[in-house]
Amino acid sequence: MLFTDFGLHGPYTGQVKAALHQMAPGIPVVDLFADAPVGNPKSSAYLLAAYAEWFAAGTVFLCVVDPGVGGIRPALILEADRRWYVGPGNGLFELVQRRAGTTRSWDIDWKPERLSASFHGRDLFAPVAAMLARGEPPPGRPHKDDSDRQADWPDDLGEIVYIDHFGNAMTGLRVTQLLPAARLVVAGRILERARTFSEREPGTSFWYENSNGLAEIAVNQGRADRELGLSIGVPVEIVS
Amino acid sequence: MLFTDFGLHGPYTGQVKAALHQMAPGIPVVDLFADAPVGNPKSSAYLLAAYAEWFAAGTVFLCVVDPGVGGIRPALILEADRRWYVGPGNGLFELVQRRAGTTRSWDIDWKPERLSASFHGRDLFAPVAAMLARGEPPPGRPHKDDSDRQADWPDDLGEIVYIDHFGNAMTGLRVTQLLPAARLVVAGRILERARTFSEREPGTSFWYENSNGLAEIAVNQGRADRELGLSIGVPVEIVS
Amino acid sequence: MLFTDFGLHGPYTGQVKAALHQMAPGIPVVDLFADAPVGNPKSSAYLLAAYAEWFAAGTVFLCVVDPGVGGIRPALILEADRRWYVGPGNGLFELVQRRAGTTRSWDIDWKPERLSASFHGRDLFAPVAAMLARGEPPPGRPHKDDSDRQADWPDDLGEIVYIDHFGNAMTGLRVTQLLPAARLVVAGRILERARTFSEREPGTSFWYENSNGLAEIAVNQGRADRELGLSIGVPVEIVS
């Protein structure tokens, strides 16, 4: 399962997939997000935690969202509630790790023959993800250092973390943590909750629980991003 | 075969593919259209009918284009000329059904363990498509009601139904239903027919039979959408 | 491996993949570029040559970038350094061929049952690529004519050949052919070399060796295309 900010059209995702098919033949490779918030591990961390939960035990997530291309940060393997995560130690796994019942993590110490300065997704993380997908043990040593943890990030993030293809705006707020009648304030508008789109008149804005449990802002038969002026990072407040 | 308005980059197509791979391992999953006209089952119906014909018997099409997310409409399985279609009964299958030699349809009565309010593509239609792809019988009861049929839709649609990546504009008109010398009028321009792009000077607009039998409007080495001001729903008239 | 200007969302890539899965079951199909420079075989030729090198022997590249849709040009199979290439003889393979140690080429003489005027990618090149992927001999006769060669194209191209998802601008210049301290002049700016993004202050523009050996122009935590005004075809000069 790929969770990256690489995009699908250019060469990055294709080379990662080619590496995975070569090293783990017969195991399906699927893009979960190829357009995670570019260079923004914080927003991405709340998305990843919400979406990874839906997948079966044993799934391997290859995750790369990294503002400091080629900079110094640990290369990690995380096992959390029997799912595997491979990627940079820049906070991207913070919420997965914080919410999981059981976790273990490793610093990758396997080295590829050829490691480019800018494409660890292809050269380092993909081969490691392939090893895990084949059922091999994590090629690393137990991760002791906590420098990659982000203790100051909240449990739920009152911000827009993703705008989807339809213009709907996902927040970093889990609906299970909100009161049923909570209202959300965003861009100067107070939004009520709806159960489904068709409950509201065309053109009305509202929030609802999306199919992965996040509070999401939408306009029935419209684009919430344009009509409300939303983009990643816009703050969202909760009022009751 | 996926025919949706979900887009490829965000999480929707990925979750549908993950569900299919899990329930029908080893069966390839391919996107036919991931950018069918958003929330527009009528335009989509003419596209789907033209493109589905190219595929082999036994192919399963998982189709979701649905303006009324979470609203009330039947969940259908259609068998038409030995191809399978799974999706909402909102007219999306109207032209496939009308043009097919033999058809049978079922109301899905299988229920998933967890059904989200907004993502039937993942929770309901993908598992049903996987069952059909594995060769299992349709999990439903014969569909009797005709409330999903759209008898007032024409056999061929004189409108732009899709703009492709190159800026070419597909119409809902089958070339087999046009006279060989027919001209098309769109956005105030009269267009002659060409057999291929290279028959015309760069910059010239024309129509031609695309590789799936639809009349398509193009500009040699240009973008017809921008140069002629075309978008989905723009009317197209036939003159001889 | 698909290298095309078809885009991913519309029907073209999906139909090519469906044809490949049907004729070469079990062999993975991956998009390398689906957004090669539209109708621009020259820029594409430098990209393809740089990216193909990374792939294993035996890989089959199905390549379609063709301004003269339906026009007259040979349909080719090229074997170069034990990788296979299938596509139009319009210069797209020029740099692969020129840089390879050993090459052989064939004019395709296999004919499909149904050949559309505008979609040779699906009807001709995909079936031929599938035959090669299955290990069959090239379905053609040795290519003798040199009319598809482009002797006047340079060994390295001092132009922008691709803009990626992050706004980075690839040139057609191989870094192995540049002096280590070379500077690049583009859009009136003189750019120094950096090893990695994080070596430079946010907002600084520079060039670096990308993960496939091309000189690439970037802005740390910014978009080089917008900030420097770059697009495909913009000239790039080398100064020392």
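Just so it is clear, A, B and C label the chains in written order, and each chain counts residues from 1 on its own.
What we mean here is this: contacts are C-beta pairs under 8 Å (C-beta built on N, C-alpha and C of every residue); 3 or more make two chains touch, one makes a residue touch a chain.
Here the structure is a predicted model, which means the values were calculated and not measured.
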Proportion of interface numbers common to subunit A and subunit B (over half same, under half different): different
Cα superposition of subunit B on its sequence copy subunit C - rotation in ° rounded to nearest 5: 120
Length of the line joining the C-alpha centres of subunit A and subunit B, rounded to whole Å: 31
Numbers and ranges of subunit B residues touching at least 2 other chains: 7-8
For the subunit A and subunit C complex, residues of the former touching the latter: 5-15, 17-18, 21-22, 25, 38-39, 67-72, 116-119, 122-123
Subunit B - residues contacting subunit C, complex: 1, 7-8, 28, 30-35, 51, 54-56, 162, 164-166, 195-199, 208-212, 221
